[in-house]
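Below you'll find the structures, each written out as structure tokens.
In the two complexes below, subunit A is the common chain; its partner is subunit B in one and subunit C in the other.
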Partner chain A sequence: MAIYLIVALDVLNGISSLFLLCLGLAIIFGMMKIINLAHGEFIMLGAYATVISANAGVNIWIAMLVVAPLFVGLVGLVIERCLIRFLYGRLVDSMLATWGLSLLIIGIVTTIYGNTQQGVPTPLGGFSIGSYQSSYYTLFLAGMAVVMMAVVYGVMSYTRFGLIARATMQNPAMAATLGVNPARVYMSTFAVGAAITGLAGGLLAPVSGITPGMGGAYVAKAFMTVVGGGAAILSGTMSAASLFGAVNQVGAFFTTPVYGEVLVFTAAIVLIRLLPQGISGRFFKGNL
Partner chain B sequence: MTIRFRLVAQAVAVLIAIIAIVLIPSVIELFAMMQLTLFAAMAVLALSLAFIWGFGGILSFGQTAFFGLGGYAYAISAINFQDSTPSILLAIIIPSLFAAILGYFIFFGRISDVYLGVITLTVTLILFNCVNSTSGDEYRIGKALLGGFNGIPAVPTFNVPFYPDQILSPEQSWWVTGGTLLGTFLLLRLLLSLPAGRVIVAVRENEVRASLLGYDPRKVKLLTFVLSGAIAGLAGALYVNWGAFVGPTIFSLSLSAEIIIWITVGGLGTLLGPIVGCVLIEYIVAYIGSQQALNSNLVLGAVLVVFVLLLPKGLVPTARDLLMRLVPAPKPKAQLADEQLTPSVAASHMAGAE
Partner chain C sequence: MTFSRRRFLQRSAIATTTLIAAPAVFRSGAFGAENPIVVGSLHDQSGPIAASGTPMVYALQLAVDEINAGGGLLGRPLKVIHYDTQSNIQMYSQFAQQLAVKDKVDVVHGGITSASREAVRPTFDRFKVLYFYNVLYEGGVCDRNTFCTGTTPAQTVEKLVPSAMKKAGKKAYIIAADYNYGQITAKWMTKYVKDNGGEVLATDFFPLDVTNFGTTISKIQAAKPDLILSALVGGNHTAFYRQWTSAGMKGKIPIASTTFGLVNEPTTLDAAESDSILGAYGYFEELTTPASKSFVEKIKKAHPDSPYVSELAACTYEGVMLWAAGVKKAASIDRMKVIAALEDGIAFDGPSGKVTLDKPTHHTTRNAFLAEVKDRKWSVLESYSDVKPADTASVCDLVKNPNDTKQYIINL
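Moving on, here comes the complex of A and B:
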């Protein structure tokens, strides 16, 4: 019995961390059709911001929930102004430039902090079910995933900013005639996406090894989740994250973590082949 | 500049290239020649992506999947057979088969280019993860121990065909590698000037129009993909021959990124550009590696960003345009021939890209 509970917790953990990792990318890709291959490096920057401020004496919760998103959001803002704004509508060029950007960020961080692993202790202790151990932090991650989902849904559906953002993405020329400045909407959307990614990096910092190259492990997973999810930001990402997160954890439980990952990648390929528009292109059409 | 003049110029260029390849070992020292051998093997890889991306309009983020498969196929069969002749063939056949299966999935599923990027990237990661986890005695194919993260050391290098005891010397290895590079280049050049090559470019330019003219874009793309996989596999065998070693890092994302950087720097839509870009970038990376002052990721990333933003055409097309400006404007007829010989650089906007 206890073992099933533990597997269920693992699955929950897999799904919620995958959702958190992908949300920022889903916003940037879903709304602006910019493929941000530096997504993994945004996560890495968030994690570094958390670790470095926490080790400098900042409260771990503030480091995670405030410093990381603020810092990465600012970085995103600068990057949008200096690089991304020249690339809207140039899909392939945006992929290339952000890939270059990702190498550049890895290079800068390696030069400053060296190619060594950093870390912070996991807050909130653990509990045991039967003879198995788990940590409260897992539950906290799941809670954060739910909170983020609610916040994004609320902002997109019920606020003026959300309305303007959605309108600009649908038809920039029309929005511009109505007095909206599309360049500014793009800029803030990109920064918000980056900030959410930074938050994900901060939240995952205590449970992952932090190196300059850590982003590479996330970027492919995040991509296939967003692409597998399709155009709808929330429902698509959530359904794809649930599918892949569950496949990963269950696969890892029955075989090894490596084959769990292989299983996810294979599932992603089959999914894209079967549903080229992603899950939400088929089942949640027109949803957010 | 008439067509005839161009043909003569091209023949002279090929002749110079052949002479250079033959003479290089007697001019430069062994270390530099070994480095050139590596660059030439990498340049074959660059050609494989230059062909499908620049002329087929298919941006594969996982060209290293075929490169790595070729390398592993060569290493495993060379250890088992102790003869490089069938191994080189296998290094071409296995990646082609893999490309055929993967390409069937992609092109007959009519998967758009974003998804294609994701799928090729994912497949490369799968291979990396799988090969990485094969450490231990139970993972062996015949006599070859896969070795997981440590890779396969002491792979037999090329020998004279059908004479397993006559191992090629470094000079002969260079001739083989350089010759393969030149051969691949000429083969692709020839293919692109044939009607079949025109069809490939036509599909890149406009898939719907090509299919209305009676060509099946799916089949054309699949064949292009398979050919490029075969070339990448051959490059893998050449690479393993150079180092007598193959490890899972051959599948790594950073190498995939490097190929794309070579082509962006050298010039998309040309065959010469990627070779230039490859040698240039690899030289810079090797130089940085010996310096320890700057991080190679930092330099590569900066180079890629700068080229995408400021010089999106790449070095070779930019240089060619500058040269063309110096030469007096050609007659309309000659201009047509010029266009046919060097297909337009509009490749950066692939068919179907937004």
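Moving on, here comes the complex of A and C:
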């Protein structure tokens, strides 16, 4: 019995970390149609911000929940002003530019901090179910995923900013004639997407190996999930994260981690073949 | 001045001839003046493997500087031509060609991953350039042109597994990286567990970009082993030790590893996450012999921010010194003469102790050490002297088959 609970926790862990990793990308890619190949590096910057401030004496929770999103949000703002704003509507160019950007960020971080970085220990500790051990941090990650989902949903549905942002993404010309400045909306949306990605990096910092190249391990899965989710940023990303996260963890538990990975990619191929518009293109049409 | 067609042709001809001849004239002049022996170096100083490659370059430079300070070899100074291979196999192939064809080096030290070694080894065979591979690896390379100075599983895993089993118990769970090093090392681990009367409950492989080890940790708990044997590799995989500790498993099941701490894991992880992990290598920075202390001191003095000085750096230093001893003995830089000299019982007392080249395998007989992580440093528990490369010796005999150039997969 206990083992099923533990596996359920693993699945929950897989889903919530995947969702957190993808949410920022869903906003940047799903809403703005910018293919941000530097997404993994935003995660890495969030992790570095957390680790460096925590090792400098900042409380670990503040480092994760405040420093990381603020820092990466600011970086996102600068990048939007200097680079991304010239690339709206130019899908292929944005790919090339953000790929270059990702190499640049890796290079800068390596130059400053070298190839290795001391991590931070995981806060909270473990608990036991029967004879099995699991970590409170897993539950915390799941809680954070729920909180982020609620926050994004609340902001998008009930605030003026959310309404304007959605309107601008749907039809910038129409929004502009109604007195909205689309450039400003794009700028803040990109910064918010970056900040959420930074938060994900900060949250994962205590449970990952931290190197300048760490983003590479996340970027492919994040894109797969966002594309698999389709146009609806919340319901789409959540459903795709649930599907892929569960397939990966259950697959890894019952077979081997290698097949766990293989199964995820197979699932993604089948999904895109059956639902070319992503999950939300079929099931949550018109949802957020 | 009129500019006739004839004059134009004349001038062009002169200019062209000068241009074409210039490199030959300048080059022979330059070589004539100094005539150094050229040592090629192929190491990753950027990309994911940089933390391994950087101290190796420092060690190579240190060895060359010391040889030069002692008057060089055969009265000629040594010159290093180094290329940063950027953790990229394509760069290895490209720079290997360049070292062999353009730079015409007399020896090459380098290669870190087994994949990089197999990318450059055929090139050096083809262009007849002597090659030293100074890294611990899975064993089995059998090539008269190549010398492998690092440890192989029979030298380290053979010591690690029984000591860990004595401490922990007979049932082991193996976790390893999913490429040739991890796969082959897992086989060796299985063999030594069985040889020592134990049992392997399961073996799991992980692609290098796996970051979430939650299910593995659950599976390990379900299998209830006495001991975990790890050959996980790279930054992403250090997440395992973190997640293991955060699940509260630290201290419940001991871990022994063939890769942990080779680069920088003890310093990047928290003390609580890494304490009491066992490892076995051909060298540890913490060895207290005078040779080891002065080696580490020299590297840290020249490069205060050097990453951990591991077996990789020590073997590189010893590799260059062994080669130098071979050149001295051969009294020539001719490749075949140097190989013959190196095969003739060349030994060097390096930071890890006495290292002897083994004629039939072109590997080394060297000391091995068992250590445990304590407070983010290795604490050396035991040392084993003059351990032979028995694994490679079981498949490779270059005395009988001098034309062999294969890497054997050792069947277990």
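We adopt the following convention: the second predicted complex is superposed on the first by the 287 of 288 C-alpha atoms of A that agree within 3 Å, B and C clash if a C-alpha of one lies under 4 Å from a C-alpha of the other, contacts with A are read in each partner's own complex, and residues count from 1 in each chain.
Just so we're on the same page, a residue touches a chain if its C-beta (ideal position, glycine included) is under 8 Å from a C-beta of that chain, and two chains touch if they have at least 3 such contacts.
Predicted model, so just to flag it, every value in this text is computed and none were measured.
Once the complexes are laid over each other on subunit A, subunit B and subunit C cannot both fit and instead clash.
Using the contact criterion defined above for the overlaid structures, shared-chain residue A:Ile269 touches subunit B, although it does not reach subunit C.
In the superposition on chain A, A:Val227 makes contact with subunit B only, not with subunit C. When both complexes are overlaid on chain A, the residue A:Leu96 reaches subunit B alone and has no touch with subunit C. Looking at the shared chain after the overlay, A:Gly216 reaches both subunit B and subunit C. In the superposed model, A:Val120 makes contact with subunit C only, not with subunit B.
Of the two partner chains placed by superposition, subunit B and subunit C are both touched by A:Thr256. Look at A:Lys33: by the touch rule set out above, it reaches subunit B but stays clear of subunit C.
Touch criterion met: A:Asn13 reaches subunit C, while subunit B stays clear of it. When both complexes are overlaid on chain A, the residue A:Pro206 reaches subunit C alone and has no touch with subunit B. When both complexes are aligned on chain A, the segment of subunit B among 75-83, 93-101 or 129-137 whose C-alpha atoms clash with subunit C is 129-137. Under the contact criterion defined above, the residues of subunit A that touch both subunit B in one complex and subunit C in the other are 110, 216, 256, 258, 261.
Subunit A contributes residues 3, 6-7, 9-10, 13-14, 17, 110, 114-122, 124-128, 131-135, 137-138, 204, 206-211, 213-214, 216-218, 248-249, 252-253, 256-258, 260-261 to its touches with subunit C in the complex. Within the complex formed with subunit A, the residues of subunit C that make contact are 46-48, 50-51, 54, 178, 204-207, 209-212, 214-219, 221-222, 234-239, 242-243, 245-249, 252, 263-264, 267-270, 272-273, 305, 307. Residue ranges of subunit A in contact with subunit B, taken from their complex: 33, 35, 83, 86-87, 89-93, 95-97, 99-108, 110-111, 216, 220, 223-224, 227, 256, 258-259, 261-262, 265-266, 268-269, 272-273, 276. Contact residues on subunit B toward subunit A in their complex (touch as defined above): 59, 105, 109-115, 117-119, 121-123, 125-126, 129-130, 132-133, 253-254, 257, 260-261, 264, 294-305, 308-309, 312, 348-350, 353-354.
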